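Residue numbering begins at 1 within each chain, and the chains themselves are lettered A, B, C and D in the order written.
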């Protein structure tokens, strides 16, 4: 272990744990609520402002997908589970909507089942988060799991 | 009906409805999360910035009470239900903690069961919100219900 | 999302304020289409100075305008992208087809003289 | 909550930034008590310029310091309260016992000459 300022040493010892749950209606006006709640929750960890912005984009994409693709016909509930586990941020966005037939296919960049959509949502999530998983069952619903670790911390424990 | 700018007329016709649910652990670091989520949710209505600040204080007081008084011994869950019903904001903050023996008594301003507390939390909620209700059962828990209506709207429908 | 617009020659200059996501996109599209059709305008200059958030829904709306105007010989210019907004544009590859400027004046000059051609 | 402190005569001047609630109160108390005891200071000047939120937990901590210092002949002065912060102080009746100033210099002058006496 190299010499480090004491603050970094402390960070290696104190591990944070916390969790919260947000449930919203699949209304477009709630996309902002979801990303602000997620970013506020995340700010307990040592994320930079730029990382917090990335988290906002990822959550925005996941929630937008639930609204547009998950519940295309009627309003439904979207569940956002937020967790800090050992200084790691874990976000799960779940809908009980139509689900995805071919998960492999939708993971291709630029793939979209809607003509006027860019098919970039999942690619953004993949770029902005450290880990990303898409699980879905037709007529049951879809869950996106995303993990992000503050880069500062990554460096500190190198 | 007097002559009004068209924006105000529209407001009389469009009624907003929405709801969301936030569940948090009774940790002090989550008080900020609760009030920011509540204020972001509320901002869908035509509240002034000053009214949004009042909502933040009220939510902060209610959640702080759950943490300090509701769960004095161990961590528990706090449920924040947010609702927009007919352009009216309804917030319910609930804990499943120790409850309150004498609800009438605690509603007195400056009453506090803790020596180093000011006993102002409930008084602030009462001042800052339009309606306020405290329900509690010993060993079951406590619910604070608060209602606020944007003043601009009050004036518009006068 | 607040949009304020002004017309300069055959360009519409739009100052955006707030967040551009699926909630605000309909308003964004509507206002821009309406103003441009009404005055038969060719180019669109978007000033992002007041925009602190954009996601792929926002980008999609801008790309839509770009494609529509391009077919008609018009351009879309981007002004004052904040770092976090620029990151999203870059990742989507949109800065390869749209030009970014530091101020409206320069953008206007460029689109007027039939300026930038990135493709 | 960020606190930066400096000493002027027998006063501690504290610049506060962020939100003062039950989460940040412990840090607020600790730092102020430590600095004041270490240098045996009498008065506390709190600059709220960077504070955009305070609730009754925050007020409680300030009242606690006020009572403690008053017993020892010291004072607490409040500088630069934003409207929403001032509203909460007013409602709690704290502006009847603590004096508010527009700048640190004035507050310092006043506490030094044994200034304000609201009671």
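Simple rule for what comes next: contacts are C-beta pairs under 8 Å (C-beta built on N, C-alpha and C of every residue); 3 or more make two chains touch, one makes a residue touch a chain.
Remember, predicted model here, so these are calculated numbers, not experimental data.
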Problem set entry | Minimal step count in the chain contact network, chain A to chain D | 2
Problem set entry | Gap in Å, rounded to a whole number, between the CA centres of chain C and chain B | 40
For this session: Give, as an integer number of Å, the spacing between the C-alpha centres of chain B and chain A.
Result: 28
Seminar exercise, completed: When centres are defined as mean Cα positions, the distance from chain C to chain D in whole Å is 48
Exercise. Which parts of chain C, given as residue numbers and ranges, touch two or more other chains?
Worked result: none
Problem set entry | Residues within chain B bordering two or more other chains | 29, 32
Seminar exercise, completed: In contact, pair by pair, are chains A-B, A-C, B-D
For this session: Provide the residue numbers of chain A that touch chain B in the complex, in ascending order.
Result: 18-25, 27, 29-30, 32-33, 36-37, 40-41, 44
Seminar exercise, completed: Per the touch rule above, chain B residues touching chain D in the complex are 28-29, 31-32, 35, 50, 53-54, 56-57, 60-61, 64, 67-68, 116-118, 120-121, 123-124, 127
For this session: Give every residue of chain C touching chain A within the complex, in rising order.
Result: 19, 21-23, 53, 55-57, 59-60, 63-64, 83-84, 87-88, 91-92
